[in-house]
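So, here come the structures, one by one.
Same chain, two partners: subunit A is paired with subunit B first, then with subunit C.
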Partner chain A sequence: MANEWITELRVLIDDGRLLTSPADCYSYSFDGSFGSYLPEAVVQAQSTEEVSNVLKLANQRNIPVYPRGQGTSMSGGPLPVKGGIVLDVSQWNERLDIYPEDMVAVVSPGVITSDIHEKANEHELMYPPDPSSSHVSTIAGNLAENSGGPRGLKYGVTKDYVIGLEVVTPEGNIIRTGGRTIKNVTGYDLTKLIIGSEGMLGVITEATLKLIPKPASVRTLMVTFDTLVEAGGAISELLTSNIFPSKMELMDQASLQAVEQYSAAGLPTDVEALILIELDGHPLALEEEIQQTVTLCRQLGARDISVPEKPEEAKKLWEARKQVSPAIVQWKPTKVAEDITVPRSKIPDMCERLIDIRKRYQLHLVVFGHAGDGNLHPNIICDKRDHEEMQRVEQAVEEIFQSAVQLGGTLSGEHGIGTMKSPFMEMELGQTGIDMMKRIKQAWDPKDILNPGKMFPEPGQKLVLRDD
Partner chain B sequence: MANEWITELRVLIDDGRLLTSPADCYSYSFDGSFGSYLPEAVVQAQSTEEVSNVLKLANQRNIPVYPRGQGTSMSGGPLPVKGGIVLDVSQWNERLDIYPEDMVAVVSPGVITSDIHEKANEHELMYPPDPSSSHVSTIAGNLAENSGGPRGLKYGVTKDYVIGLEVVTPEGNIIRTGGRTIKNVTGYDLTKLIIGSEGMLGVITEATLKLIPKPASVRTLMVTFDTLVEAGGAISELLTSNIFPSKMELMDQASLQAVEQYSAAGLPTDVEALILIELDGHPLALEEEIQQTVTLCRQLGARDISVPEKPEEAKKLWEARKQVSPAIVQWKPTKVAEDITVPRSKIPDMCERLIDIRKRYQLHLVVFGHAGDGNLHPNIICDKRDHEEMQRVEQAVEEIFQSAVQLGGTLSGEHGIGTMKSPFMEMELGQTGIDMMKRIKQAWDPKDILNPGKMFPEPGQKLVLRDD
Partner chain C sequence: MTDLNELQEKINYPKTFDCVQCGYCLPACPTYETMQTETHSPRGRINLVKMLGEGKIGVEDIQEPIEKCLGCRACETACPSNVEYGQILEGAKQVIEEQKKQGKVKQQVEKALFNHMFPSRKWMDAAGHLTWLYQKSGLQTLAQLTDLTKIAPLQLGTFEKVLPKAASPTERKATPSFLPAKGKRLARVGFMSGCIMDSLFHSTNQRTIELLSIAGAEVVLPKNQTCCGALHAHSGKREAARQLAQRNIQAFEEAEVDYVVNNAGGCGAMLAEYDHLFEGEPSWDARAKVFVEKSIDVSALLHQLNYLEFTREIDEVVTYQPSCHMLHVQKVLQEPVELLSKIPGLEYREMNKKDRCCGSAGIYNVVHYEDSMSILNNKMANMKQTQAAAVITTNPGCLLQMKLGIQRAGLQDKVRVVHLVDLLMEAAPQPGKTPLN
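Right, the complex of A and B next:
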């Protein structure tokens, strides 16, 4: 049976871009999250027509299709959990065009996000979304998950910069949503429905991104605090002082120690928390804001404040921040990366709860994240072969989600739901909320072909992080 | 029959807030667009439970329900085209709370938009969306239509500032979407699907709005040009000069003359075009940007440039701009207000085409709008009793839409589709694009109870602006 549809696929896709050997398929069986599932075929798509043809065949033959970029997902988005075809768009990067006169970029799905940053920069423009993976992740993956990054605070997230899409629907039809204008209210906003829908409602084959003028000047401040809760309180205070930083990142002591062991970036390791702040704007305005920030941080009990004069020094600090995620896995092999988000004013409360959870479950719980927009990354470093430990991890994760929702926050700020957070959807959305989402999925993809097994919980589904 | 469901409504709604007399119903039979349709009942809802109860009854009895704010819609959004119940939320304004520590506002649907501006301002915060009707329109209407206004250029539109909703679904269930955090990727983005869906996918009963710090300083420039096309070209040039105005408005000679006749604001009437520019930010940065803008405008052939020193003088200019829409109806009784939007670089082309259309059809075509974001308001001033003239208007409107779409633009930047633009939906979206939208409507509102007869064209439907 399987052979039959693979034979049909061979007619549609060039030989070198249809992979079916177990070794090739294995490379597509995992992502940056948890678990491994072997697909039966991988298509490295390079045109809208190919995507359309694959989806039409998949609908005829009832074969699941999983869109995939570089596979850096933290929530299981591209995992082929029910077998079938992985639709890899990472080799499709022919188009990255900047149109300065319209302040937009038009990009193919496989373009690497940091290449957009660079190309926009050449035109004195900026594409603000900047997930930590931006040097390796594709724009298609960023679009599917609605990626965030540190600039969410001032500039918003991926969704805020997408004004038009070409999309292949789950049944293989080609549509265009939005366009090249900032304002567009012609019909329902399918652009923003598809962004962040985790590849379940369509395959994005081209995107038109909004760009903004590059800020004239950028400066960085590094501020340390004796306790995590103090740092959380300072973040809240700073944000109501009418200073509007472009980034405001929090790293706890464990993150600092991990980065220093991993790459010796010169960060202090004897403090419980560090805040990295970036301000941007006119140079004269910046000078004033830096002074205000320094004064305020002193009043809020900061231990040390440093303001690097040279851009290279500042760059080094931001690179160190991006190292936290790879650095923390040196201790134990398994990383359970969460990304709950709370209203800004609840950051100190959430920090307290995380410290309590860490203590009670005796876990390596590292806390860092985009604290300026309330998006924290509690990462639990563990060993999935240790069943007893993993049970504690499962309980801690559930408590982390409960705390976030109780504080008026959300399960996921930027990583998505995927397979990892689906058991907790009802906690936040209620049964009716989930039902309204399912109705859209059902109406667009009646055969459940596109990325099945994601986001919506099966009845009674629980988080299982043990390889049994 | 009718009596029966009205009797049932009486049980659900207080006497004073259920209107059924022809005189009362007549006040709800029109909006700011075209045409008049009498509802059978009006409910002035004041609680989520009431809205839910009305919708449940409407589903049982198959009665259409039309949500309505202050009825300022330019596209027919609230018109009760198939009879039934108008659900007026304009009397429901109990809640307008600012939470500075989270930089959000929580509002009831009937709150007037300019009241949000004022209240945010008290906390040194800003709610950027500012449609010309903001002093009279409700936030619920703004949310339903995804209103824009002059700040779209730099700050985006209503949708960009809504992070959470309470919504009653077409079947009367209550859901909450999003929340109080900037980042939220828990499931599909129902918030942004509902905003701009013109009251067809749910009744918004509460909204959480994102606020931003109020700019430290604001300045205005008024620049005149000898021709409209020159002004259009200058707008494009200014926008690629790395200056990022908060507003950039265009008024043609007819608009200037209309305003002067209507309220004598001191605008020049001997030029073909005027651009009103607002810059905001740090005072020192502003001083520099004003100089740059003045120099650039001179190079681009501006006739006169003035930079009011006093805030009151600037305020007067902006008030004059808001007068265009009411002012132009002094000439003839009927106003057909369009709001096509083109990519910024196509503004000069669109201006040329509008001038050509005005000549060929011999119509009072006035051009003004938010030119900085490509959103133009070609308004045709006519008399709906003059059938021959109205036929020319219909043809001109169709050509305006065709031109916008040919230039890569859209039918509607901020007014919505409603009844007025539905015949042209396929021109922009294609049959498949419309079909994907209809599937959502069908899945959420299988009995087509909520705001039927809007957005989607009936087979063969054409624009008819004649009262036959």
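Right, the complex of A and C next:
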């Protein structure tokens, strides 16, 4: 009886933070990806003890529990595919403490990523990971997906900045991993295991993050190209030329048009590709690097190069970049967003393949992304009510993955596997690879309570983007 | 099935597909901040409307989340996918309203108006003119609009304190119907007097007309104009709103003006979207579009005419609380601030999160008092930080709400709340010597 465990939950959770009405349940049935699954209850957790109690009950009663941040996942991470409880941590943000002397931040799971940026900045420090969704997403979501962002190019991704965690295990026990030191080799590195585990191995209840000094100076360059492949080639070249940009982002013509329509940031819309580059460091060194970059871009066939003088102008360009992903649905309502990543030398090849796939399947395929680290975001803009088209989309997606893996790349650079990419796991990892991962999951979560139905494909599971 | 199709049409179901559920609107939404559930967020509400369209939930399920929406439309500004939330919201409200009509609520509310409103002296004053409002606007519906059963008498007391004295019908009658431009004649404008503005803020209206004439406008007040219909539209009474819109379009067409000027952000937003009411009615749609083109907030027009000079210093620190509908619908952003910067002596201090709703939202503060006060508390925290001695607003609802906030914070002796027009008039404006155009 479903009602029975909900009654038991009521004992554990305050009234206002246990939601069961249809309106509430439907409001936690989706994320930033595809599909909608109805939970039976939503718990808005506020303490480690609560999480532990909920998981213990769930184990006793065999109820699936789905951790959720702000539901911006692009891979179905928080979707309650098997019903049960959505464990919402987004309102749990009481702690955001910066310790300048240790250069660390200690944060509650629901803290918004950009709030960490701001607070660190007040101390002349930087928390580098910067997913485009950072003004919305929670740190717990970032940790669970091991999110990246433009700065990944120079500074790495979320996992490179986590030194300690408090975690509630799937069975409801509380553990601490790592600590407050930069070095730590005591035992297996469970911190890294939890990061990127997509909420399947434990619920993160607190994190200690590493901060670094803020760069003295930052400059932006905007470079346009006549073709996407040329732009891809330029990215590969620039990266081997002794310049080390902090960001290097690619936008194709369709992305540019979409963003301009939303915000008129002053991006050109008559070019096939644009690269936004950010360089940071000492102002004097920076001056020289900018000159070098400009010269190099010229040699690589750039059409136009501009270097905004004022920080506000540069900020506007980066703001525009953040809007690309949601803005590109101007033509059709459905967006199938991928984030394959290839070795940097293969960026031009991948661009070529994407253009070929776009032609053959006659789809509205838009390309942008953190190209500097080989992480491209091919997005297919379609209409999920059009079954014939969606069938072509499914085939195209499969081919995109195949191309990436063939070029030595991966299915996902930062968005995670969730429900959206699980059918393709074997393509990249092979059977044994998946099996070793499954064994870890089984050891940690013998009853398959935490976020079941994710990452590992069910036998015969295929990508289906069509509603019944 | 046909029932569902009909429902889908009413609630603008296809528009819900424009939402990609990215969540970019969450940080912009005041009710998400205070109520802390996805159910009370823009993304959540859009999804609920979609679920209703698919028959997965019923009208009763969406009622509370939809009614708790301020309709401030900050989510639209934040949305990179151009989701037309305002239209989704109004569709949902219409459906809720239709379902309510089948219940008894309607009669009860009317009764409540008389039981709760009239015992109070000041409300009586205001309400005395409601009879006039009634006639002017066809606002018999005001009673239903406010859903007054929910108003506790206690709260009425709270509002009483901040309510200005209403103008008497004689005072109102004294308003001229035409005022020539004081200096150069740069434009012919029609003034939309608005019903709340014209009763409770009658003197601000008078000053608006005068200010316009100093600024180079010849001002006409078409007699046949009526209520803008905003309260109707926002509470799901689309047909009533449509009829009011027709009368206004006609009245201002006859006046042959270059601009239709208003001084209330909420009305202005309604006027700016009259064309939405006439989809599928080509002849009215075209007339509405012309009207929309001409419709403009007074601050935007003053800024455009660029003909005012201020001759008196005002030695005061002020901050500005934009009206949501002026900001997110009419997209009037900088003009009021730029006008303020022209007043000699004045110091403008920007309020943190100024573009966040104050919680007034039409009649939201009356109907959902507690929720509105949580939102107001957040606003006041930011207001206090500015240490301003005056809060400038551009909409009657915001003005009353900010007054209430100041009262609740015990700051009534230190901080005043002023309509932008009134402040500009304090600075002794003169026709300029060098008009730009």
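Note that the second predicted complex is superposed on the first by the 468 of 468 C-alpha atoms of A that agree within 3 Å, B and C clash if a C-alpha of one lies under 4 Å from a C-alpha of the other, contacts with A are read in each partner's own complex, and residues count from 1 in each chain.
To be clear about the criterion, contacts are C-beta pairs under 8 Å (C-beta built on N, C-alpha and C of every residue); 3 or more make two chains touch, one makes a residue touch a chain.
Because the structure is predicted, anything quoted here is derived from the model rather than measured.
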First (subunit B), second (subunit C), both or neither touched by A:333: second
Touched partner set for A:220, first subunit B, second subunit C, both or neither: neither
Broader residue contact with subunit A after superposition on the shared chain, subunit B or subunit C: B
First (subunit B), second (subunit C), both or neither touched by A:32: second
Touched partner set for A:135, first subunit B, second subunit C, both or neither: second
Which superposed partner A:173 touches (first subunit B, second subunit C, both, neither): first
Contacts of A:44 with subunit B and subunit C, given as first, second, both or neither: second
Which superposed partner A:71 touches (first subunit B, second subunit C, both, neither): second
Which of subunit B and subunit C A:255 touches, first, second, both or neither: neither
Of subunit A, residues touching subunit C in the complex: 19, 21-24, 26-32, 36, 44, 70-72, 88, 91, 112, 133, 135-137, 259, 261-263, 323, 325-327, 329-330, 333-335, 385
Contact footprint of subunit A on subunit B as seen in their complex: 99-104, 124, 145-146, 148, 152-153, 156-157, 159-160, 169, 173-177, 179-190, 192-193, 195-197, 201, 212-214, 216, 236, 239-240, 242-244, 281-282, 284-285, 288, 341-345, 370, 373-375, 408-417, 421, 425, 428-430, 432-434, 436-437, 439-440, 442-444, 455
Of all residues in subunit C, those that touch subunit A in their complex: 17-18, 20-24, 26-27, 36-39, 41, 44, 47-48, 51, 56-57, 61-62, 64-65, 79-82
